[in-house]
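In what comes next, chain A is part of two complexes: it sits with chain B in the first one and with chain C in the second one.
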Partner chain A sequence: MGYHLNFNLIWRHFDKLWQGLVLSLELAVVSILIGAAIGLLLAVWYVSAGKVVRAAISAYVEFIRNVPLILLVYIVFYGIPTVVDFAYSPTASFIGTLSLYSGAYLVEVFRSGLEAVPRGQLDAGKAIGLTPWQRLLYVRLPTMTRITLPALSNTFISLFKDTSVASVIAVPELTYGAQWINFNTFRIVEVYIVTTIMYLVTGYGILFGLRQVERRFKVER
Partner chain B sequence: MNANQQPLLKIDDLRKSFGQANILKGIDMAVNKGEAVAIIGPSGSGKTTLLRCVNFLETYEEGSIRIDGQEVGYRDGGNRQRRGETDLARMRAETGMVFQSFNLFPHLTAAENVMLGLTKVRRKPKQEAREIAEHWLKRVGLDHRIDNLPSELSGGQQQRVGIARAVAMEPKILLLDEITSALDPELVNEVLDVVRQLAEEGMTMLMVTHEIAFARDASHRIVFMDDGKVAAEGPPKELMAQAGSNQRLDAFLSRFRTSHLH
Partner chain C sequence: MATILYALPFLLQGFLITLWVSALVVVFSLAGGLVLGVGLVYGPRTVQWLVRLFSDCIRGIPILVLIFVVYYGFPPLGIAINAFWAGVVALTLFKGAQVIEYVRGAISSIPKGQMEAGKAIGLTFVQRLRYVIFPQAVRRFLPPWINGVTDAVKGSALISLLGIVDLMQSINEVIGRTYEAMPLYLLGAFIYFAINYSLSLTSRFVERRYAYIRD
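Take a look at the complex of A and B:
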């Protein structure tokens, strides 16, 4: 073997990776929060709306689901500022993109969750005199949350990995940090070994944490 | 019963269909205040649909349902204009309902299930609602289960929470929809005992049941429904006596003579 592993240069620049990881997590958390707000709003709207609104929401969902994320990132970061005279930082632009992206997936998650709330529970809510909003707030949403928690966890893990796409517009997240070290030290194998382990450990940690949360909220239907 | 007293619940020529299927074909019925009325009949005869129309969980197309003189579901005045959602909610709060499949809110404890309507609909302070909930849960024999989730309760216990949830709202009339059908046989009596007691205390009740013995013992009047119509009615003893002259009723009751009534 002609290649000798040497991690020294990696450790010297480890702060690039560490700060990148922190930013990746921040991007994922902020995006899923905004995305969940978008998704919930549209899902609630969808289940109570007429044909036109439903078609519009479906169009949004299908558009996002059928266009590669990286292309969406380019469209939002380069395309929109070109057409309208407007500029934003790569990070802000990427958060916007990832929020719209996760929002589209979460519309589907929340919509099926809302529809999975047993009809009997809604009848019971009606029977004690709750108004439609109260039924949504006190009956439908709590049960929906429990039903959708596993799907939410999975979406979050995916989003965390998807933050690596931000490297293409120079957002200094984990993958970008890895590339930076690679370009400056040429320790390509070492840097990607360390980066992969960092994604793996963090992703697995998140999964483990979220499964605990799910167990805590698990309720028989 | 005072002759010129208005019945609490008055149903006139009620008709209801799902698509092509006519489920209710002109029902007339009246329930007086303090009266417990049992509805019996073969499955598919429209019993449950009738009950669900009374609190407008099902809409109806023709005829009228009045509680205390107020039209259920539609604005008074007979122009078939559906009431607004807030108005519907307000009216539904006046009728309690207990369901065959309990339908407790799974994320709320027994007490919280009872409290939800008290705090959000009746606007009672939390402390007072809690006291009312505890009172009713004790009444149905669940002193030791007040803070348990539905998933931690047996079917019979869940159904008793369901009854407490409905009764705590102090409804004008209580609707019971085959409330023991989903229970194991050994859990049926603990639920029926609670209902029997409520009937004795003068709670106005309309109950759909398959427990003929219970209907006979606990109700003032039995209505026999068949094919979307009231086929016979009367006080339990009178109704049972009609069986000889009413073939459908006789056929229906004979199934129970061999099993339940011995």
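Take a look at the complex of A and C:
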């Protein structure tokens, strides 16, 4: 092994990685919030809708789940602006893509969560005279949220990892920062050691935190 | 339409590369994942610990970073590797970690008594795995595993970033010549969708086929 580790250049450019990490987290948070809104809306619609709407929602979910994320990123960033006269920044474009992407996964999560709410709870709501909206708002959604929490945290972690794909359209997130340092300093091994550790520590840190939250809201069955 | 007809021969080349990479990754990761998965369940403490560490680390790193780590990181350490094999190795690591978890899940769904019964009638460890555990565990293993093959196919699109002309890169190259982005992206999306959706349907079919099994 003729390679000598030298981390000095990494520390000199560490702000690229640090700001990249912060941007990665921001992308993941914004996307999961928009995605959760899409997912929740479609899931609630799905469980009460007819065949056509169900087929349309399933088509959206299956399309997103079966196409590589990088292709979706290209479609939104390079493809759509050629068809409509409309341009957006790489970051906005990526948030749009990741929101649609997480939305598709979350429809499934919320749909099975809604179906897992015990029948008796809804009947009890009916018995005390709640309207269908009140039943949804005060009975079904709170229980669903508690049931789906573990799946939500898993989705968030994988979204955080998926933000690395944003580097292909030059969104300056963590992987992009790593690439920049790689190409400009050639401290290749060092930069990937540091980047990998940053992903691992952040990912498992978040996971650990979310597991604590889950334990607090666990559904006793 | 003319663009699509023009593009198809180019895309076919890429399509074959995508299938080839996915197939290699699936085979290698299955072999490696099975061995390590069995090690995780039945191995001595240190082996269990090492496999757990490996699996958790790999699953905590984005695939794209994994690909860059292998492609850019191995040569300075004296391991010569070209773009194609860097992609295959990185995707195999990623997929292998998944397979380990499927194997663990499948084996631990088999009641302990099965292993003990095998021991009681004097089967060796390999025989117990082969005749008692695997035939039962495979029903639990297959549905998620087949579904997980889609991750290999989808992940293989990322190796286009190393300059390998797979389906994704061949789409990009045709767009570079025709400047018609949207029809070609949608065509590519349709091809990926066709591969992956048929895999998901197979997975669901297998799952239904084994649905009679209850714990």
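We take it that the second predicted complex is superposed on the first by the 220 of 221 C-alpha atoms of A that agree within 3 Å, B and C clash if a C-alpha of one lies under 4 Å from a C-alpha of the other, contacts with A are read in each partner's own complex, and residues count from 1 in each chain.
Assume a contact is a pair of C-beta atoms (placed from the backbone, for glycine too) under 8 Å apart; a residue touches a chain by one contact, two chains touch by 3 or more.
Bear in mind the structure is a predicted one, so any value in this text is a computation, not a measurement.
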| item | value |
| --- | --- |
| Which of chain B and chain C A:G79 touches, first, second, both or neither | second |
| Chain B versus chain C as contact partner of A:S153, first or second or both or neither | neither |
| First (chain B), second (chain C), both or neither touched by A:Q121 | first |
| Which superposed partner A:T185 touches (first chain B, second chain C, both, neither) | neither |
| Chain B versus chain C, judged by how many residues of chain A each one touches | C |
| Contacts of A:S58 with chain B and chain C, given as first, second, both or neither | neither |
| First, second, both or neither for A:T175, with chain B first and chain C second | second |
| Interfacial residue positions of chain B with respect to chain A in the complex | 55, 57, 85-86, 89-97, 99, 101-107, 116-117, 120-121, 149-151, 165-166, 169 |
| Interfacial residue positions of chain A with respect to chain B in the complex | 118, 120-121, 123-132, 134, 138-139, 142-143, 146, 219-221 |
| Residues of chain C touching chain A in the complex | 56-57, 60-65, 68-69, 72-73, 76-78, 150, 153-158, 160-161, 168, 171-172, 175, 180-182, 185-186, 188-189, 192-193, 196-197, 200 |
| Chain A residues touching chain C - in the complex, by the definition given at the top | 1-3, 62-63, 65-72, 74-75, 78-80, 82-83, 161-165, 167-168, 175, 178-179, 182, 188-189, 192, 195-196, 199-200, 203-204 |
